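The block underneath contains the structure these notes are about, expressed in structure tokens.
Each chain carries a letter (A, B, C and D) given by its place in the written order, and its residues are counted from 1.
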């Protein structure tokens, strides 16, 4: 074990309990053209929502993964986001308020990352919304191949693919897709995407103040989650090319993407890894893809689903077809993802 | 036992969780995401506020329904819906009665456990709060059926829940966040089982004090 | 002093000396529609450059500040970037190669952050370019109010305003501005912008592997630079609202922005601070602006000029007029900044 | 002295810098950006490569020009253009001559210093490489003028440069990156003055060995 300073991890904070609402207030101040924040319900809502006849997309989960989800509220992506406390699933009341705020009569898709807390709270929220006469389809993301999907786990975690689901399903909804179609494309993206994460350091939640796990100065967590959940195993740090090879092998061992396929290659920073390293990882990834006969016809490199200040990286590969590519390319205008508008 | 019993139970639970907040969070840091103490504390703080605001005349079942709904609305995470549903089911079981006896209490707790299992689908041995709640409910039921007084029966139930809590240490988690760790979850005590033992102990305390 | 682990800071790396070229190769692979990388000269060049008759913009500096500058090469911003080794000014050869690669006959603006190394190397490069018959205008950015601009310093450092200069001057060049006009608007942005940075942790260069400075678990560097240069003083960590108040006071004490002015408010992460905190800082900043009668009619929140994995934040305020606002809003399409296209 | 002298000077400089690379970087970490060791090492490694590739017949001035250009092209930072220009000016001062004597060496070093000052505009006392280079040049000139042999004159110059280097410790930097620190730059030895003292020492070594 290293002698890392366990006392505190310093943060820009006022009262730790106010981090989420104060940050949301900042998000609204910076992007009032795109969204509004309902601080009482702690939800982020697209300006102009609800749009009559459009299927609405709502996602949410613990805070600490920014820009996910609030940074993806806007045109062509989410209609609302409900952030909980840091790393804590929001409560059904928030999800219900968000669902009501954006329902345009065509139904609402709940995009739920597969964690027990998120699943249970969204389940209660969907029941409440249906009691209110709103049609809800829940789509679970569970793309993390670091976790075995078996009787012995709560199933795979939802990680990087969630960003891609939100973008692509958002485009489908913007294009006039029905509730079943939007939910269908979201499930397709989830089915065709797989992720794997590696962390070099732990993050620290604002309330605890210290790192969630101790890690030696030569160690990495292989298969880490986005909540500081330790990975499946601890390994010695290796050259990036080897790490990326192992990650790619784990992903491709579980993804139906034969040689010759096109993929969307998503290199995601977990918050504390500088961009210069993310592009280095992307470079190593392109070599691995080449080795497997895959072409990255689309890509995304940056911090999109983070774990506070954790140093680490996740890779998500999504097998692309024409439909998904077209929806990926469709215009999007949110605080964190923008093109075509 | 009456509404006052429920109020003292909730107060004692809130106090115990407040006191053990950091410990619960530490347990959760080891095999989860380091928020269980904060989650439960936030929830029970809100529960006390709601109960303070609730009319003095409300029957115990109604108070438990309020407490459960408050947990659902304020906790989040896995524990919020689970403990929230548990208390709501217990409240529903007590119905509109102004007073309740030992067997009614046992039935209410059984309903609570049923709610947890229905929602979370965990059986005993999966390293969750069920490992602490199920033995407590079973023991209370058995002790009462065997002719025990409520006091000793509750003490036995508390002991069983604590034993169940400790017995989570060697288990490998197969439900909840800790299951992602696979074998690395072995050797750590489950945070949810721990807070559950606190809540069961708070019940014993509330009733023995009231007696 | 804390007991932070000084042994190593872990990074995704192969050979530390190859970080910059491997990262550039990744940048090119991810954004080949926008730019190409000349690895021999270690420069990033806009696809389609040179554009005949368009004034070209070249910037550069040590690597480790990504996305600056390579991530700003594209349409409506930089024509080329020359990154040096981490935190080390590039050499004149790179700047010359970049200048030649993008000159469209209308001259080239060199955007130079005011550091002795950058200034000297760009000076030599400009001489060489002029020997080759290329007209060069050098624009110095020196917006960091943490440094006194006096006989006793090398002058103020160029920091956050550099991003704004590159965007706005890039728009002017895209709009057909002459060499003098483009350089003029760049100097205007620099003159109307001021910045201040605070760090909570040190960064570590890949070659040294350890943190550049030691810092206690309750301390912050007030007025830090973007190369791990310690700030003017060490202070105890305070609530974010107080830190932001001090930063704003320092900036506004030196910026000509009377009550009633419009500003562009830029909250920049130094690399290791999570986005949730940047938005909290932005929220605190809006309160300070309000107190001073200023309105943030434009804003930018994110990691744009970083210092590897340093946890910290800088604030830049730019006094806006109609011309600058219009140029800011003009289309831009680069890896790191994109709108309107 | 001839081309061989320049080659040994450069080799000895490269070796000394390689050996002190981490120390130079550490000094730069304290008041700069922790790259001075890497910068100078990269530069002198390239210089040796270029000199190895240069024709054996090249005169010493030409070799210094090549060395200076190589530093400019490979070092970057503040030290690259400064030391690069210094060596280029020294090379230009030696011209096409195949051999050079003490006074010519002194003149070449004076030209080197002139280049540094012209480009960097630092006077002595600003806590830069000038604080080590200027006293070395001055001492060499004075010693030779006073009738000293080249050997002792160079030894004195080396001592002066080391003294100048150490004298940077109490200074407050007013040029270069360290100036941003204001008073906090006091108490640290300037990295550029330190590498300069190494290069001056390498010159003495190269010439005393050659003799």
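Worth a mention:
Just so it is clear, contacts are C-beta pairs under 8 Å (C-beta built on N, C-alpha and C of every residue); 3 or more make two chains touch, one makes a residue touch a chain.
Please read these numbers as outputs of a predicted model, since none were measured by experiment.
If you take chain A and chain B together, no chain is in touch with both. One finds 54 Å separating the Cα centroids of chain A and chain D. Centroids built from CA atoms put chain C at 28 Å from chain A.
Between the CA-based centres of chain C and chain D the separation comes to 32 Å, rounded to the whole angstrom.
In chain D, no residue reaches two or more other chains under the touch definition.
In chain A, 86 are the positions where the chain touches two or more neighbouring chains simultaneously.
If you sketch which chains touch which, the chains link end to end in a single open path, with no loop closing it. Under the contact rule defined at the top, the touching pairs of chains are A-B, A-C, C-D. Of all residues in chain D, only 25, 29, 32-35, 38-39, 42, 72-82, 119-120, 172, 174-177, 179-182, 184 touch chain C in the complex they form.
By the touch criterion stated above, chain A contacts chain B in their complex at residues 62, 84-93, 115-117, 120-121, 123-124, 146-148, 151-154, 157, 205, 207-208, 212-213, 225, 227-230, 232-233.
The touching residues of chain C, counted against chain A in their complex, run 2-5, 7-8, 10-14, 19-20, 22-27, 29-30, 63-64, 66-67, 71, 86, 200-201, 217-218, 220, 237, 239-241, 243, 271-284, 286, 296, 299, 301, 303, 306, 308-309, 311, 313, 335, 338-339, 341.
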